[in-house]
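In the two complexes that follow, subunit A is the common piece, with subunit B as its partner first and subunit C second.
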Partner chain A sequence: MHPLVMIALVAAVTLFGRALPTWTLSLATIAASNALISLGIVVLARTGNVSFGQGLFFAAGGYGVALIANAWGLTDAVAQVIVGAACGGLLGLVIGPLIARYSGIFFGMLTLALSMVFYGALVKTTALGGSDGFNVGRPSLFGMSFTDPREADFMLYAVSVIVTGFAGIAATILFRSEFGLASLAVRENNLRVEYLGLSANRIVSINFAIAAVFAGASGAFALMAQRHIDPQFAYWTTSGEFVFVAVLAGNQSVAAVFVASMALELVRSFSNLYLPNTWQLVLGIFLLGVILFLPRGIGSLWIRDRRKRRTAADVPLAAERGAAS
Partner chain B sequence: MNFFLTIVLDGLIQASWLFVVALGLTLVFGVLKILNIAHGSFYALGAYIAATVVTMVAARSLPPSVGFVAMLLAVAMIASAVGWLLERGLLKMFYGRDEVVLLLVTYAVFLIMEDVTKLIWGVNPIYATQPYELFGNLEFAGLYYVGYDLVLIPISAAIGFAIWFGLNRTVIGKIVLAVIHNEEMSLSMGVRVNRVYAIAFAFGVLLAALAGALTAPKISMQPGLSSDVIILSFAIVVIGGLGSVEGAAVGALLVGLARAASVHLMPQAELFVIYLIMAVVLMFRPEGLFKRETARRI
Partner chain C sequence: MNRFRRANRAAILASVAASFALVAPAAAQETFKLGIVTFLSGPAADSFGVPARNGAQFVIDQLNKGAAPSPYEKVGFGGIKVEPVIIDENGGATKQVQELRNLYQRDNVDVVLGYIGSGDCLAVAPIAEELKKMLVLMDCGTPRIFEDAKYNYVFRTAAHATMDNVGLIRYMKAKNIKMTTLSAINQDYAWGQDSRADFVAAAEQLYPGVKLQTDLLPKFGAGQYGTEISALVGAGSDVVYSSLWGGDLQAFVLQSAPRGLPKRSQLVFSAADHVLPPLGDKMPDGTIIGARGAYGLMSQKSPLNDWLFKGYEAANGVYPVQASYRMTQAILGLKAAVEKAMAKNGGKKPSTDEMVAAMTGLEWQTPGGLIQMKLADGHQAIQPIAFSRTKYNPDLKRVDLVDIQYFAAECVNPPPGVKAIDWIKGGMQGAKCD
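Let's look at the complex of A and B:
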C-alpha cells in the first residue's frame, strides 16, 4: 500500500469516529493505544526477540506524563504523548544496549524481570501513591479544553488514532527499509549478520528503542483515557496482554495489529458483559485457538498467497523449533 | 546475632517451599524445553484443593493430622492427573513450535486456570489453618517458631534429595536425563520420549501443587496467588540456570534469604531485591549460575 493511501485511511478512520456511538469510541481509543504498544512488540519481534516487559515502558511513559502534568500543569494531549514517548524512549535507549545480547527465552525473562523491578519499586513508593497510584486532570488540545464528555472522548480518539496510524505508516516504511530487512536477518541468524559486517546488537538495540517509544506513547494514552495511574501498568500480566495482541496479529501486516487489538477489546467487553467473571477464560481459549489454527496470526488471513515462497522465514513467533536447532 | 539468625531461619522457611515449586518448573523446562507460565496456577490449584480437603476433614471433626495426610494425597492424585491430561491433550499439539510460542500456550493455560479457580472456589479468601498447629510451637535460640514452618525445611530437603536420587541413581531417572541431553538420540535408542514428556510434565505439576498444599495452611488462598508465585519461581530458576536441580536449590536459597533479609531490614525493597539479583546474575552469567554454555550451530 502506498503511504499516501495509508494517510488517507487514517484520516477516514478518524472522521469515522464522528459516527461511532460513545461506548465504541472509548473502546476504539483503548484499542488504538494498545495497538501502538503491540506494534512496538511486532517491530522488536522481527529481530526474533519477544519482550514480556513492555509494561516497563508503558508505565514509564504513563508516570512520566502524570508527574509532569501534575507538577507543571501540562494538559495538552499531543504534548503528553510526546512526553510519554520521550520517557519510554530514553529508558529504552539505556536498557536496549544492555539487553541486546540476550535472545529467546532469556530476553523475554530479563525484560519481564526489569518491568517487575519497576513494579516493585512503584508499589513501595508512597510519594507516587504506592499501589493505589494517583489521578491526573482531563487532557486538553492546543489550548482548547473539552467539558462535553463526548467531545473529550472524540478528541482522545482522534489523537490516538492519528498517532497510532502514523506510527503504523512509519513501521511499514521501516519494515521495507534496509534496516528492517537486516532486522529480519538477525532473527534468522545473528552470527551470520555479524559476519556480514553489521552489528546485530545495534540492530536489536535500535528496534528495542523504537518499541520503547511506542510503549511510552501508549502509556500516555492509557493515562489520558483513565485519568488515573497505578503500578498495574508495569505488572507482567499487562505486558502479557500486549504480547497477546502481537501474537494475534502475526508480523506480516501492520494493519493486522489494529484488527487484533480491536478484536481483543471487543472480546473483552463482550465477555465482560455476558460472562462477567470469565473473560480471562475466554481470552485464554481465544489465544490457544489462534496459535493452533492461525499460527502466523490473523494477518495471514489476507496476506496468504503473495508470500507463500517465504513463509518459513516470515514467522518468527512460529518458526519451526526442530528446524532451528 | 539473634537478628541474623531470624533472617536465616525465615529465609530457609521461604526457600523450602520456593525450592519445591522451582524444582517442578526447572524439571519441566529441562525435559520439555517449555517455560511454564501456568506453573504458578498449579501451585494455586494445589493450595485450593488442600484447603477444601482440610475443611472437609475438619468438618467431620477428625484430627488435623488426618487432614494433613489427606490433603497431600488428594493433591498428589489430582495434580498428576491434571498434568498428564494437559500434556497429552493440549501441549502435545504444539511441539515443534518455537519456544516463545510454547510460552504463550502456557500463558493461555494460566489465563484459563485463573478463571477456573475463581469459578470453583470464588474470589473471597479461604483458609485451611487446622494443620498449621500440628507441630506445636518450638523455641529455637530464644525465638519462637511455629513448628509447621520448621518442618517444611526437612520436607523440602527430602523432596530435593528424592529428585536428585531419582534422576541420578535409578533407571527411569537415567532415561529422563538422556532425553534432557539429546532427545533424538534417545528416541533412536528406543526411549519412548512421548511418555517421558508426559511423566515429566505431570511430575512438574505435582511438585507445584504439593508446594501449594504444603503452604496452604500458612496463607490465605485468593486470586492473584498464582501470578505472585510464578514470578518468584521464574526468578529462582533463571538465577540457578533453567533445567538445573542444583541451580533451583541455590536460587531458592538466594531468593528466600534475600526476601527474608529485605523484610527485616528494608521492607520497601522486598520485590525489588529479588529481580535485582536476577538481573545481576543474568548480566554476568546469562545462562544462570549452574548451566554450562552450549555450542550452537551456525
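Let's look at the complex of A and C:
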C-alpha cells in the first residue's frame, strides 16, 4: 500500500470517530494505545526476539509523563506523548545494547526480569502512592481544554489514532527498508549477518529502542485515558497482554495489530458484562480460537496468499513463542 | 483448507457484527439501573468480593419485593425496581476505568456502586467526576481519595481505614493490653504499608515509648511465612500486629499457631472477621480482631441487623461478614438518598444532580449502625466500629467473639478538614469518646 493511501486511511479512521458512540471512543483509544506497544513488539520480533517486559517502558513513559504533568503542569496531549516516547526511548537506549547480546528465551526472561525489578521498586515507593498509584489531571490540546466528556474523549481518540497510525506507516516503511530486511536476516542467521559486515547487536539494539519509544508513547496514552497510574503498568501480566495482541495480529500486517487490539478489548468488555463470573474463560477461548484457526494471526484474513510464501517461514515461529507465553 | 478459511472469515465477521448489534442502546424503562463492581475472581474474591456480591443480591432482592424492614420498606428505590448490572473488579485499574465508562455510557446505568481495591477507587473516581455521573465507593480503605482531591459526584459510604487502627489501639488501651514492645507483619502494598503506618503512629500516641522490634513487609500473596514467623517468635514482642487479610491471613494463622507465636505474643489483626468461618477452631483463642466496622458477629442487635444476618445466612449458608455489611450499607444509603430526592421533586425518578444533593451529608441507619456522611463536605462516611477477642465455641462449631467493645464514629475517625495521618500524629485532637 502506498504511504499516501495509508495517510488517507488514518484520516478516515479519525473522522469515523465522530460517528462512533461515546463509550467506543475510549475503548478505541485504549485499543490504539495497546496497538502501538504491540507494534513495537512486532518490530522487535522481526529480529527473532520477543520482549516479555515491554511493561517497563510502558510504565516509564506513563510515570515520566505523570510526574512531569504534576510537577510542571504540562497537560498538552501531544507534548505528553512526546515526553512518554522520550522516557521510553532513553531507557531503551540504555537497556538495549546491554540486552542485545542475548537472544531467544534469555532475551525474553531478562526483559521480564527488568520490568519486574521496576515494578518492585514502584510498589516500595510510597512517595508515588506505592501500589495504589496516583492521579493526574485531564489532558488539553494546543491550549484548548475540553470539558464536554464526548469532546474530550474524541480529542484523545484522534490523537491516539493519528499517532498510532503514523507509527504504523513508519513501521511499514521500516519493514521495507534495508535496515528492516537486515533485521529479518538477524533472525534467520545472525552469524551470517556479522560476516556481511553488519553488527547484529546494533540492529537488535536499534529495534529495541524503537519498540521502547512506541511503548513509552503508549504509556502516555494509557495515562491520559485513565488519568491514573500505578505499578500495574510494569507488571508482567500487562506485558504479557501486549505480546498476546502481537500474536493475535500476526506479523503480516500493521493494520492487523490495531484490529486485534480492538477485538481483544471488545471481547473482554462484552464478556465481562454478560458473563461476569467467567469472562476470563471467554477471553481464553477467543485467544485459543484465533491461534487454532488463524495460526498466522488476524492479519491473514485479508493478506493475500501470494505473500504467504514470503512470510510462511516466520509466522509459525512467532505463534510458537506466543503459545509458550 | 481454503473453504475452512472462508468459513472462519465469515464466522469472525459475523461475531464482530453481532457485537456491534448488541451495542444499540436499550430503550428507556422505568427501572433503576445500578452498576455493581466487586471482585468475582482473583485473591480478594473469596474474602470480600463474593460476600459483597451475595449481600447485594440479597438486599436488592428483598428491596424489590418490598420485604425489607422499616425505614426501607418501600419497593426498590422509592417504588422503582432496582436492576443490578454486576461486573468483575479483577483485572487492574486500566480495565476498571474502561468498564466504568462502559457502564455509564453504553449500559446507561444510573449509578455505579462498588470497588474494594483502593487503587481501583483512586482510578475510577476522577472519571466519574468528569462524566458527571454518580459513583458510590463501597469498601476501599485509603483516606487519599478525598484527601488528595475534591469530588462532587463521588461518595464513599464506609469509613476509611484510619479507624481500623485507631480503634484497635483504643481497644487495647481500654482492655489494658500490655505493649512495651511491638512487632508487625503487613503485606508490601498500599493497604499493608498504610495500615502499618497508622497503627504505629496511633500506638506512639496511646503507648508512648513503645518499641517497634520486628517490622516485616512480605509481598502480597506470599502464602509462606516460615521465615517471618521465626523472626516474630525470636523477637518475642508483647504484641504482634497484622493487617493481613484473606488467604494470606489464613496461611499466617495456620503456620504460626504450631510455632507457638500466639502463646508468646498477643496477636492483633485489624481486619480478620472474614477468615473466622473458614478457619474455625484453627483460630487461636484470645486473638484481638477488628472487622472494619460493627459487623458480623460483632454487630449490634436491631431489627435491621436481624433481617440481614438471618436472611443472608438462610440464603447463603454462612453468616454475613464485613463486605456483605458494607455492600448493604451502600445500597441502603443510596436508597435513602434516592427517596429523599423523590420526596423533594414530587416522586419522579431523580436526576443525578438531585441524587447527589440528597446524598451529600446524609445520615442513615444500617445493620452495622448509623452511617454519617460527615467528612469531605458530606461525601465521606464515618461509622462506629467494634473490636473483640476470639473464643472457639465447640457446640456451635464456630468462633464466637467475646469482650466486644464499641467505639463511636467520632472517637475513631478524624474530624472534617484534617488529614488522617496528621490527626493521629497530632494526638487525635477532637475525638469524642464516651
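We take it that the second predicted complex is superposed on the first by the 311 of 325 C-alpha atoms of A that agree within 3 Å, B and C clash if a C-alpha of one lies under 4 Å from a C-alpha of the other, contacts with A are read in each partner's own complex, and residues count from 1 in each chain.
The rule is short, and it goes like this: a contact is a pair of C-beta atoms (placed from the backbone, for glycine too) under 8 Å apart; a residue touches a chain by one contact, two chains touch by 3 or more.
All figures in this text were calculated on a predicted structure; none of them were measured in a lab.
*Asks:* Subunit A superposed: clash or fit between subunit B and subunit C?
*Replies:* Overlaying the two structures gives a clash between subunit B and subunit C.
*Asks:* State whether A:72 touches subunit B only (first), subunit C only (second), both chains, or neither.
*Replies:* neither
*Asks:* Once the structures are superposed on A, label A:294 by its partner contacts, choosing first (subunit B), second (subunit C), both or neither.
*Replies:* second
*Asks:* Taking the superposition on A as described, I'd like to know which of subunit B and subunit C A:263 touches: first, second, both or neither.
*Replies:* In the superposed model, A:263 contacts subunit C only, not subunit B.
*Asks:* Determine, under the contact definition given at the top, whether A:21 touches first (subunit B), second (subunit C), both, or neither.
*Replies:* So A:21 only meets subunit C here.
*Asks:* With the two structures laid over each other on chain A, which partner does A:123 touch: subunit B (first), subunit C (second), both, or neither?
*Replies:* The answer is both, since A:123 touches subunit B and subunit C.
*Asks:* Touch check for A:142: first (subunit B), second (subunit C), both, or neither?
*Replies:* neither
*Asks:* If we overlay the two complexes on their shared chain A, which of subunit B and subunit C does A:280 touch? Say first, second, both or neither.
*Replies:* A:280 contacts both subunit B and subunit C.
*Asks:* Which listed stretch of subunit B (184-192, 220-228 or 256-264) steric-clashes with subunit C in the superposition?
*Replies:* Clashing stretch of subunit B against subunit C: 220-228.
*Asks:* Of the residues on subunit A, which ones does subunit B touch that subunit C also touches?
*Replies:* Shared contact residues on subunit A: 123-124, 237, 277, 279-280.
*Asks:* For subunit B, which residues count as touching subunit A in their complex?
*Replies:* On the subunit B side, the touching residues are 33, 35, 90, 93-101, 103-105, 107-112, 114-116, 118-119, 123, 227, 231, 234-235, 238, 242, 267-272, 274-276, 278-279, 282-283, 286-287, 297-298.
*Asks:* Which positions of subunit A touch subunit C when the two form their complex?
*Replies:* Counting only subunit A, the residues touching subunit C are 21-24, 26-27, 30, 123-124, 126, 129-135, 138, 149, 152, 222, 225-228, 230, 232, 235, 237-238, 263, 265-270, 272-273, 276-277, 279-280, 293-294, 301.
*Asks:* In their shared complex, at which residues does subunit C touch subunit A?
*Replies:* 4, 8-9, 12, 16, 19, 22-23, 25, 40-41, 85-88, 91-95, 97-99, 101-102, 104-107, 118-119, 122-123, 125-127, 130-132, 142, 144, 148-149, 188-190, 193, 220
*Asks:* Using the touch rule from the top, collect the residues of subunit A that touch subunit B in their complex.
*Replies:* Where subunit A meets subunit B, its residues are 50, 98, 101-102, 104-106, 108-110, 112-114, 116-117, 119-121, 123-125, 189, 191-192, 236-237, 240, 243-244, 247, 277-281, 283-285, 287-288, 291-292, 295, 316-322, 324-325.
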